[in-house]
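Given below, in the form of C-alpha cells, are the structures.
The same subunit A turns up in both complexes below, where it pairs with subunit B and then with subunit C.
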Partner chain A sequence: MNTVWLALPLPQILRDVLAQRSGRIGMAIVCLHLAVALAAPVITPQDSAYQDASAMLQSPSFSHWFGTDRLGRDVFSRTLLGGREAMLIATAATFIAMAWGSALGILVALIGGRTDAIVMRFIDAMMSIPWILLVMLFIAALGSSSAALVPVLGFSYGLSVVYLARAAALDFVARDFVLAAQARGHSRWSIAATELFPNVRDSLAVQGAMQWSWILLAVSSLSFLGMGVAPPTPDWGQMIADARGIMQRAPWALISPMLALSSLVIGMNLAVDAWARVTGVERTRRVPGA
Partner chain B sequence: MKFKLHAKLVATPLVVFMTIASAAQADTVLRRANDLSFGGSESLDPISANRFYEVNDLIYSRLIRQDENGRPASELAQTWKANETATEWTLTLQPGVIFHDGSTFDAADVKFTLERIKDPALESPVTDVLGLIEAVDVVDPLTARIRLSTPHAGLPLLLMDYRVRILPEGAAAPFGIGTGPFMLDSYDPESTTILNANTAYWEGVPKLDRIEFTAIPDSEARNQAMLGGQIDYNGLTRDQEPLYAGNSAFTVQSYPAGGWFGIAFQGNQPPLDDPRIRKALRIAVDRADMLALMSGEGNGIVSCDTPVKASDPFRATLDCPQDIAGAKALLADAGYPDGIDIEVFTADLEPGMVQYAEVYQQQVAEAGIRVKLTVAPSDGYWDDVWLKKNAVTSWSQRPADQFLNEAYRSGAAWNESHFANAAFDTLLDQARATLDIEKARTLYVQAQEILFNEGGTLIAYQENGRRVMSARVTGIAAQDEDYIRWHMVGMEQ
Partner chain C sequence: MATVLLERIGLALITMIIIVVVVFFALELMPGDACSVNLGRGASDSMLAACQKRLGLDQPAVWRFAAWAGDFLTGDLGISMQRDRPIAEVVGWRLRNTLILAGLTAAIGIPLALGLGVLAGLNPDGPLDMTISGIAIFAMTVPEFISGTLMILLFSVILGWAAGVVTIGYKAPALDLLKASVLPAATLIFILAAHILRMVRASVIEVMQSDFVQMARLKGVPHRRIILHHVLPNALLPAISIIGLTMAWLLGGVVIVESVFNFPGLGRLAVDAVADQDLPLVQAIALLFGFIYVLTNLGADLLALTLNPRLRTRRK
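And now, the complex of A and B:
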C-alpha cells in the first residue's frame, strides 16, 4: 500500500493564500520586512551606533527622518536594523521548536500507552510554568547571548508544538495506511516520518508560522527587559525600553520601533490566518502562557 | 420653625466642612516616593548595608553634620577637639536632647553607637570608614572621648558619614528610635512608611506635620506620580527635566553633587590584574563627550577616575583627555596587540545605567576594546553581579578620606575593583595621621594619582543632582539632600 498524503501541495497553498485579500496584505508586509532586514546594512543612511552629543533627542527632520534618541543616534537607521537579530533568532528558534516538538509529538502519538502518558505529563508540568519565567531561568544559567536565546526559546516554544503534533497525529495513527506500514514491519521512526508527518504538515506549518511571530515578540520582550539582544546591536524591544522614559519628550524614538514590531506581527498573523483557512486548519490564537 | 430647620440644614454641613477644612489645614504632609532600592528589605539600622537612607536621615541625628560648604558643623556634638597626636578626640555633646521614646541622649549612646559599628556580626560597610575607632570612653554624661587605633586628623569628616546616626544605648532591631526631627509612625517599605513630626525636637518643632513614603520602584512611575500631584518631592533625570519647564506648579533644582556612575573592572581577575590593561580601559574614554551625552554639557564635572567631589579640598586636579593611541600601546605592551574582549554588566536600576555602558562600549571600540554588554536583571544586581563582575556602579558623594578608604583600600568590603596597592594604603594612613591640612592634601592627591595610573574603576564625570518639588514646598535650597535641614522644610497651604 502506498503512502497516503491528505495535504495540499505547497504551490497550490501559496496561490490560494495570495488569492485572499488578508493573505496578500499579510504576505506583502512580511516580505517587505524581510527585504528591509536583508538590505538594511546597505540602505541605512547613517551609522546606527554613532552617538552625537550635539544631536540628542532631535525631532524628525531631513537629516534624521525618524529623529534621534537620547544618545543622538539616528532612529531611522536603528529601526531598519532593529528587526534583523530578532528575526534571525526567531527563525532559528522556530526551527528547533518545530523539529523537536513535532518529532516528539508524533512519536508519542504513535507509541501511546505509558510512554505517551509520562511524556505528556512532563510536558504538562513544563507548560504550567509561565514561558517568561522558564526562559528567564535558562537565561540566568546560560547567559543572554543570541546563541543562548536560540536553544532556550526553541525548547520553551517546542512544548506547545508537542501538544499540537500529538493531537494532529492521533487522527491518523489508527488509519489503514499506518496499520499497513506497521504490518510491513516499518520502524516507528519510518512511520512517523513517511506516513504521519506528511499528513500533519499543514497543521504544523501554520503552527510554525505562528510560533515565529510569538518568538519574535518573545525576543523583543526579553530585549525590553534587558535580557535579549545585547547593545550595540539595535533591537526594537531594546529601543522601546530605552525610549519609554522619554516618550513625552521624544515620542518618535518610541513610535518607530513599536510600529515596526507590531506591523510585522500583524502581517504574519494575516498571512497565517489566510493559510489556515486555505488548509482547513484551526490555528491556535492564544500565545502560550498568555 | 421652618427658618430654624433651614438654619440647621445649612449650619450642620458648614460645621462639618469647617472642621474638615481646619483639620486639613493643620495637616501639612510631604509625600515622597521610596524607590525600593533594596527590594523591600530596607533597614532602619543606619549602618546596615540595606539602610533606608531617606527615612533614617529624618529619624536619626549625626554627631557632626556638614555645612553648606561641606565642612563639619555641629549637630549632636557641640564641639570636638583632638589631642596632639590625633589619636584621641573629645566631643562635648548637646544638652537637653531626648530620643523619640523619651529617654535622654548622653555619652553612653555615643559609646554604644560608635562601638557597635565594629561588631563583626553586623558586617557593616561603615567598618571600613570608622573601624579605626578603638573605644569610646564616657567621661561624663555630656562628654565622650573617642580613642583611635591609628591617628586621624580628619575624624570629624568621617563622623559626617550619612550612616553614622546616633542610636539609644541598647537599641536593637527593628530600630527606629532616634533624636531626629521626625518619628516613625508606621514602617512598610513595600507600601507606605509614615513619619510624624517630633514636637520635642531640640532644634525646633518641624514645620511639616508628617512625611509619607510610598513605594514606587519604577523611575518613570515616580515621575508620573510627581506630574500627577501624587507625590511632592522626587529626584529627576535629564530626560525628565523638560517636562516641568515653565510649569509654575513645580520647582526644579539642579545642584552640584559628587555622585557618579562608573565601571568597576575586576582587578583580581586576569587579564585585568595587569594595571596596563586597566589603564587602557579607562584612558580610551572621551570623558567630556560622555558627560555631554549622559548629562548634558555643563551639568557636571569631568573626573579622572577620582571619586572625590569637586568641592572637596582633597580632590586631585588631573588632566585625562581621550587617548586612543595610548590605550592601544598599553594593550600591545600587555600582550594584546589586536585589542581585547571584555564583558561589562549593567542593569536598568537607575536611569542612565544602561546608557552609560552603551556610551563606554562605543567610545572604546576605536582602541580595539571590544565590549560585550550584558544587561543583568535589576533584582539581585548588587548581590550577584557587583563586586564579582566588571559592572556599572553607582555611588553617592562622600568625603575624600571615606571614599578612598571605603572603595579602594586593600580588602575593604566595598572595594568593588579589588584594588590592592600597598603604597596607596600607606598614603592614606599618612594622610590620616597628618594634622597639617596642606600636607594631608598632598598625600590624598598622590593617592588619587595612583588610582588614575593603576586603579580599576572608571569614573568619567560627576553629575549634578536634580530634584523636582511641588511649588508649595519651602525651605529646601539647591543643595544635595545631605544638607537639607528637614525641620525647616514646610508646605504652603
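And now, the complex of A and C:
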C-alpha cells in the first residue's frame, strides 16, 4: 500500500482559499505569523530574557519598540518569540488528536451496532466534562510541562474528532464500494484505510486546521492560568497574565501579546472558513452546536 | 412521550455513571497517586506510606472506586489534601458563588442573545446585522482571558465604572457577590450571547424562507403577525437545545473568567487545586462540573420536549 491517499491537493486548496477575499486576508495574517515564528530567534532585536533593572516599565521608544515589562525585558522581542512554543505544542497535539480521533471514529462507524453505541457513550461522557477541567485533571497528575501538554491536549481534543470522523464516515459505510470490499473479504482496518479514509480526508483536514487554532487557544489559556508554557520561555498567555497587574502603568506590555494572539486566531479562522466554504464542509466551533 | 422521557433520563444517568468511572480511572492510569503528587519528590517512604494508609490508597483500585463512588453519592466528596478539610465544606460556598455568577450570566445573556439574534436574522446582511454579527464573531474567536482583560481595561482602568478585580471573600453575602459579579458576568454574557445569537440568527433566516411563512405572506397576514406567530415560535424552539449545549462552554469559560477577575468560585478553586497538586479536590470539581452539564442538558432536552410536540415521536 502506498501513501498517496494521505496527500492533500495542496496547490488546489491554496488556489481556492486565495480566490476569496477573507481567505486572502486570513492567509496573509497566518503566513506573517509563521514567518515571524520561524525567524524570531534571528530577528529579535534583544535578548528576551535579559532583565534590565534600569529600564523597567518604559514606554515604547526607539530602543524598545513596544516598551519594557515590569522586569525591564523588551516586550517587542518577547512578543516575536511568544507564539513559538504554543504553536509547536498545538501542532503536535493536533496530529495526535486527528490521528486517534479519526481512526476510532471511522472504525466505529464501520463496525456499528453495540460497539459503536458503547464507545460513543464514553466519548459523550468525557465531553460532558468541560475541556479545561479534563485537561486540568491530567495536568494535576502529570505536572504542567510542554511534554505533558501534548498528549493531554491531543487526547482531550481528539474526543470531538471522533464525533466528526464518525459522522463523516457514516455517509459512506452503506455505499456499494464498501460493501464490495467487505464481500471481497477485506479486513476492517483495510476498508477503513483504503475505502473510507480517502472519502472523509478533505473534511477531516479542514477540521484539523480548525482544531489547531482551538488547541492554540487552549495552550495560551493554560499558560495564562500558569499551567502551560513555563517561564523563562516567553509566551503570549503568560505575558498577558504577567502584565495584568501593571495595565495602568504599562498597557503596552499587555496590548502587544493580546494583539498577537488575537490576530493569529482571527487569521486562522478567516482562512479555514474560506477553505471550508469551497470544500462544502461545515467547520466546528469551539462550542458544540454553536 | 413517557418512553422518550424515560429514555432521556436513563441516558443522562448512564452518562453520569460513566463520568464517575472516567474521572476515577483516568487518574488510576497515571503514574503516581494523590499522595506522591501532593508530597512531591522529597517525600520519604514512610511519609508516603502513612499518607496512603490515611487515604486508603493501599487498598485495591476496584475496592477504592466502590468506596469513593459510594461516598460521592451520599455527599461525602472526600478530604482535600492541601486544606486538610472535607471537600464538601471547601466546595460548598464556592459552588454557590459560581451558581450566582452563572445564573446572572444566563438570566441576562440568554434573553439578550435571543433578542439580538432575531433582530439580526430578520434583516440579514443589513447594517444592524453586520454590526451584531461582526461583534459576535470577534467575541467567539478571541479567548476568554483576553475578553476579560479588555473588560477590565475598558470599564475599570479607562472608564472607572467598576472595580476590576473582586476582593471579597468566598463567604461574602449573596448580594455583595452579585455586585462583584458585574464585570465577570459581562465578560461571560459577551461570549455566551455571541454563540447563541449566531444560532438564533441562522434559525430565523431559515424559517423566514420556509413555505409556511411564504404562504402566510401570500395570504396577506400582517407582517407583525407573521413574525410573532409564525417565525418566532419555530425559530426559537431549536435554540433551547443549543442553550443547553453552550452550557459546556459556559462552565469551561467560568474557570478562566473567574481566574481573570479573582472571583471566589468553583473555577478558581480548581485552578488553585491544580497549583496545590490537590488531586482529590480537582477530581471532585471535575465531577461536579460534569454533573451540572449533564443535568442542564437534560433540563433543556425536557423543556424542548414539552414545548415542541414534533420531538416526541421516536426517530431512528
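The rule we apply is simple: the second predicted complex is superposed on the first by the 275 of 290 C-alpha atoms of A that agree within 3 Å, B and C clash if a C-alpha of one lies under 4 Å from a C-alpha of the other, contacts with A are read in each partner's own complex, and residues count from 1 in each chain.
Simple rule for what comes next: contacts are C-beta pairs under 8 Å (C-beta built on N, C-alpha and C of every residue); 3 or more make two chains touch, one makes a residue touch a chain.
Please read all numbers here as calculations on a predicted model, not as lab measurements.
Undergrad: Kindly say whether there is room for both subunit B and subunit C on subunit A in the superposition, answering fit or clash.
TA: Here the two partners, once superposed via subunit A, clash with each other.
Undergrad: Is A:194 touching the first partner subunit B, the second partner subunit C, both, or neither of them?
TA: neither
Undergrad: Determine, under the contact definition given at the top, whether A:71 touches first (subunit B), second (subunit C), both, or neither.
TA: In the superposition, A:71 contacts subunit B only.
Undergrad: For A:126, select first, second, both or neither according to whether it touches subunit B, subunit C, the two together, or no partner.
TA: In the superposed model, A:126 contacts subunit C only, not subunit B.
Undergrad: For A:51, using the defined touch cut-off, is the partner it touches subunit B, subunit C, both, or neither? Pick first, second, both or neither.
TA: In the superposed model, A:51 contacts subunit B only, not subunit C.
Undergrad: Between subunit B and subunit C, whom does A:226 touch in the aligned arrangement: first, second, both, or neither?
TA: A:226 contacts both subunit B and subunit C.
Undergrad: In this superposed model, does subunit C or subunit B come into contact with more residues of subunit A?
TA: After superposition, C is the partner touching more of subunit A.
Undergrad: Just subunit B (first), just subunit C (second), both, or neither: which does A:248 touch?
TA: A:248: touches subunit B and subunit C.
Undergrad: For A:217, is the partner it touches subunit B (first), subunit C (second), both, or none of the two (neither)?
TA: Second partner only, subunit C.
Undergrad: Determine, for the stretches 4-12, 94-102, 166-174 or 220-228 of subunit C, which one clashes with subunit B when the structures are superposed.
TA: The listed stretch with clashing C-alpha atoms is 166-174.
Undergrad: Quick check on my understanding: which residues of subunit A belong to both its subunit B contact set and its subunit C contact set?
TA: 136, 140, 144, 225-227, 241, 244, 248
Undergrad: Taking the complex as given, what residues does subunit C use to touch subunit A?
TA: Answer in residue numbers: 14-16, 18-19, 22-23, 26-27, 30-32, 37, 137-138, 140-146, 149-150, 152-153, 157, 195-196, 198-199, 241-242, 245-246, 248-249, 251-252, 255-256, 259-260, 270-271, 273-275, 277-279, 282-283, 285-286, 289-290, 293-294, 297.
Undergrad: Help me check something: in the complex, which residues belonging to subunit B touch subunit A?
TA: 219-220, 223, 237, 239-240, 242-243, 289, 292-293, 297, 347-348, 351, 354-355, 357-359, 361-362, 372-377
Undergrad: Show me the residue ranges of subunit A that touch subunit C in the complex, using the header's touch definition.
TA: Against subunit C, the touching part of subunit A is residues 121-122, 124-134, 136-142, 144, 217, 220-221, 224-227, 237, 240-241, 244, 247-248, 251, 254, 258, 261-262, 265-266, 269, 285-290.
Undergrad: Please output the residues of subunit A touching subunit B within their complex, sorted ascending.
TA: 49-51, 53, 56-57, 70-72, 136, 140, 143-144, 225-227, 230-232, 241-242, 244-246, 248-249
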